[in-house]
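After this come two complexes, each holding subunit A, first together with subunit B and then together with subunit C.
Showing the complex of A and B:
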């Protein structure tokens, strides 16, 4: 018996270790606080924007993103340390996968970073748990007030928008030209979308596909429901408001396209990884069109320069696309250095030099002044990204942060639609399953509000 | 008289505990503490981000009544275990037998065969595996050479679990080493006597090798059983539980519940259920052992 127990105990220990490993393996830790500025060098008091001038402060900061963003941000941190020698940084950056898993664990251990890059999907969740600090004192005079709304909960600013991005589509221009097709543009409709699919497929042959299948991404359906004039997928009270007929119609159409070989088959879809040189189905040449946010233009262009052009999401009775804050800076409510953190964010969004260093790595900057100063220096890729955004902007739909408790809904949504993709469920069955899942989320959200 | 003996045995408990203290501290802080915490959390709605509230048996009730994922993930895990353990043991034994022969450079071969196990569960191997078994991976290239068009081994719900099982079986090294040691323990004269009596190789294997090795088979079976129940890295890295949850093993579910959905209390309850599950499977294995495990020290009787 004793042996059995020791095995059981040992197994739990192994379990714990395994879980811990799983959490850390996804993030590429790379702390490289600017080497030049050690705390000892900061004894000379400098005019710091923060209250504690001269006091050596080490701010921890975390973000997700591509290599270009990492490089630019590191450089900006060094610039800030040069201006304020008492402030040094310890940065952690990673890809999107696992970023929020890790953040939750850090919060529970009381070791979350002082400054956190936040996503619209999680702002409400984190604020409802009291984890983010009020950062209303940041100077945002130069930022579009309607954009600032997206970082506020009940009128209090918890998350500072860092950039604006539009959702649209990217297509491989070289292939479209070679096949002699009429390229998608910023005014194309769902009819054009279906027609383009048919035509392109006929010319592409068997083992190439037209669209990367993104029907399991909640973003795509959100755009479809908007374009059909049925409004946003959540209602004003924060309940799921997916229109049954519209959803089934959308998934049925997508299924037809999949069966016709216009969408990528499920085994390619499931291994698709956005902007991964080998796994992104558009980058690796399996398909020619997919959705993309305008702040990703630089990243995809860097993979194959000059290959890609951009279009809007297809239109129905209305436009499908929207503008959203690409991401936010938030300050940890548990942080001891909130003033310094806020001063840094203030500099980050308002300072011209910072703006030049960062470029469009977080979408189009929020400060009008910086955009005006930057635009003459835009690279070809930047220009395309800005053009992309300006094309979507005029009839953009309203963007709303995910309601409390729904930050994770898109993952369950994906699983349900994957069943349709693999043929183990029909759109009708999937809709029932979706309703059931939504019920669970609503119950959990209601419990959280109590 | 008896009290005197007892006193003698407990003469200097302090020194003993002092010597034990490095282990003891580690055990209390890193094992016992977390175990107690997780037991407590399993009765709460702890969410990682806010303080726990006592909810009694709610988590357990939900798991057994309303949770759809639980039976699904349990089914996959048990299927995985039942296929992995025997295959892995058989494979390990086969390799051990091959490496137990007196040929030149055997030490080199042993090292090479054991090598995969050294790097076994690491992330790097999982990533490599993912590429090898991808749609355009090495495996399909080789198959293509023979004119067979390969499947998408990790992206098709029909094959993904099988691919992971193969990966676990491939990491047979530690079982193999233990088998090898066991094989060396078997007295050679048994085989000599058998061959004098005209027993075939197969008969020798069934009548001598297997019975003499049975305690080691039991040990390896228990080890593999526990290992496979707790398989995580491979499912997390290679398939991320997909496609369509076809490789969504128990620990994967547990991990996502705890760290993606922030339901630490619920996940703790899941962990305790897994503990009892592993305990139950191990107990069954031990219970059957008296019918097939022989201990030489007990005069060749079944244990």
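Showing the complex of A and C:
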């Protein structure tokens, strides 16, 4: 099922891009789909209509993201309030770090927001605990059905995908050009990666580094295992499937790079904060390359316009990158304003004006119509982001939501790998620890399933 | 000052007195109603606001004490974790800081009013707008504007200041707490930030018409609800009063301040309400009263004017009648007044009638007196010429040896002398008697022994005054009419005072009244007697005069009645 839609997303993207290029066939397809869509649109619009005339409603809403996303989203909320004066918002937004910690605390305190930005890693966990509401009534006629699958659990929609993003890499083009290096591209291999590292380090000197050390991020290893042809890190049954040899090989290699000063040293690594003007090691100039999602292109470009170029994750025997629904809107099952929340999400994904305001801050919009309408107005950053995704899309690996119970696994993974970074542990020791931790997760997940 | 009731015009006093009293009355009523109702409102408002502020204070204290307590727990946990940080490896240090962040994150997540926590310490700097917990250099706190507040104490509330966040610069109110180690050295400062609107929501009163300020125990203004700002002077102004009374109220100008300081907490809440808003209803009632009052004043004044006019009208008529009075022309006064005014009019008219009568009498009297005077002057036609001429005739008679004529002439001359000697109207009775004696002596020369006469008068009566030549006409009358054709004649003059007047009786034994009348005695002698009668009446009024009655033994008896006039009166008269 998951496999099917990831292909479908790729085709959707191609489709959208082609549409942007002016092929009229696809837009005809889109419009031929709309008559079927309009009845459902009118039914789904009814709660918003009744809400519009109703008593004042204050919706609480939370999301994580970069400053660019905060600004665009707040603007969109203002637009919505202008259209529906009885609906106001109280928004909470932060970076990724701590976002789900806070949400967990809020849920246990019974004060979680009505509308929650959800990540693929947590969808299954939250649904299994009954924390998310069924939002199947939202009009998704313009969204690729296979993409919609990523927000469903057992066929029920709990999380509305908001955009599609590809994982790849960003590099500081100005530095690369200055040093006269061959820039990474969308076809580079792990060998190119190592070679680039050594070459760049040689020219950079002692206190500058080539790669931001992201070895503690499970995403990086996921890509590595994919590229080595070892498949996804979870198997079909939802069990962890990290290949021991591959993992040790990866971490050993990373350690060598770290020791060589190609990766940022642990003290810089721990203070690294993705897309923070001061704390992002690439943005602040400590390093020149890091991994990035295509929906973050606009944000990083906003920090230093024109500075950055993009590449795919290095390839091995296969490509390492994948496409994923960048994030979701979910409605809190404890919320008293679920209808209003759903009406808002409906507007958020289907309204053209909302689409214009939000741009690509949450990845390429899910509505084909909005993509078609927006594409002629793409900014330079947007175009790069779209191109980035198009480059990754052809040989993208499949993406699967984290299995039930594994939502927080990546945090523990990070702690274990950080030990290697600080030299407190070897890759082999770390693997043992990882297995042990995975065993705990598996046992908890099995208990939850019963 | 002179009594206005005696000096000013009545209608003026009436109108303004009335106006003054009514205005005073209305003013007093309005003022009392306004002052009592606004006093009532003030005391009610003060009472309920104090209660409300007390409740608010409790609620606030609960929230803030929660913050203070959790910050205390956080500082202890911080210290424990920090010790591990110092002792451990590089990795341990990273883990320790991550743990501190995670602990503090949980404080923020669990305390909805907390926005973020800033930690000033030697821990590696980490300030990201996307985070809830920020690590700042220890030394940097000394540059913060609020540093003096925490410098000398372990913990303090910091009034509104600005921090940077992913929503831009926002104002916050913070609680700062120093972190001490086992050696009692302080090496870190935790600052717990609360967004100002969230904080203000804690002290916002229902309705939100008034503004509320929050002071800490040192009187420092922590925050205030957004309406109009409290000025520092204002707060200083009531600081002393707050010191005296934990709860109270005060009004200055348009501002009504109510404060409440909780005994078991350090917070003071001050609520300010616009006096104008508060007393709007009372003012409205007062305004209504004032309007009614003014209407009443107008009505009453109008009524006053009407009543005053009605009262003043008869007085005016009377005044006009009085000022226009002349005997020829009289304004008629209305006769439909039956009250005091009616009586006043009647009285005035009676008075006028009497005055007119008096006028008439005076005219008659005056006329009479004038005539009498003319007659008396006619009587006295140049007596001196007669007297001198008589003297010359007397000498001729003496020379011719006519002793009888001479004697008569000398008597006649004496008669004239007496008549001319005194020009006053009144003469002593003795002189008058001397005058008739002369006349009688004159007749004696002719009548010789056939005439017998007697004059009876008291010694006292001789001094009384009588009009001049008042008896001679009676005596002459007796000789001319009564003794005419008689052989002998007898005449008695008796003078005696009787019943408060002087009575002079002249009796003769002549022919009597009736006989004399038939011979038109009145026609001849009438002239002299009428003169006497008129003179007496002119001098003394009609109650005096004389009458002629028949004598008891025949003859005629004339009784003259005169007032008793003493010598001095006569002198005064002269």
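Criterion: the second predicted complex is superposed on the first by the 396 of 450 C-alpha atoms of A that agree within 3 Å, B and C clash if a C-alpha of one lies under 4 Å from a C-alpha of the other, contacts with A are read in each partner's own complex, and residues count from 1 in each chain.
Rule of thumb we're sticking to: a contact is a pair of C-beta atoms (placed from the backbone, for glycine too) under 8 Å apart; a residue touches a chain by one contact, two chains touch by 3 or more.
Source: prediction; values computed, not measured.
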So in the superposed three-chain picture, is A:70 touching just subunit B, just subunit C, both, or none of them (first/second/both/neither)? second
Applying the touch criterion given at the start, work out whether A:273 contacts subunit B, subunit C, both or neither, answering first, second, both or neither. second
Using the touch definition from the top, say if A:154 reaches subunit B (first), subunit C (second), both or neither. neither
Of the two partner chains, subunit B (first) and subunit C (second), which one does A:422 touch, if any: first, second, both, or neither? both
Once the two complexes are aligned on chain A, which partner has more residues of subunit A within touching range, subunit B or subunit C? B
I'd like to know which partner A:129 touches here: subunit B for first, subunit C for second, both or neither. first
Thinking of the overlay built on chain A, is A:101 touched by subunit B (first), by subunit C (second), by both, or by neither? both
I'd like to know which partner A:206 touches here: subunit B for first, subunit C for second, both or neither. neither
Shared contact residues on subunit A - subunit B and subunit C: 101, 105, 266-267, 270-271, 415, 418-419, 421-422, 424
So, in the complex, the side of subunit B touching subunit A is made of residues 30-31, 34-35, 38, 47-50, 123, 134-135, 151-152, 154-157, 222, 226, 229-230, 232-233, 236-237, 242-245, 251, 254-255, 258-262, 264, 271, 274-275, 278-279, 282-283, 286
Subunit C-facing residues of subunit A, complex: 67, 70, 93-95, 97-98, 101-102, 105-106, 109, 111, 266-267, 270-271, 273, 276, 278-279, 415, 418-419, 421-424
Touching residues of subunit C toward subunit A in the complex: what are they? 89-92, 94-95, 97-98, 102, 105-106, 108-110, 112, 124-132, 166-167
Provide the residue numbers of subunit A that touch subunit B in the complex, in ascending order. 4, 7-16, 18-19, 21-23, 25, 100-101, 104-105, 107-108, 126, 129-131, 266-268, 270-271, 408, 411, 415, 418-419, 421-422, 424
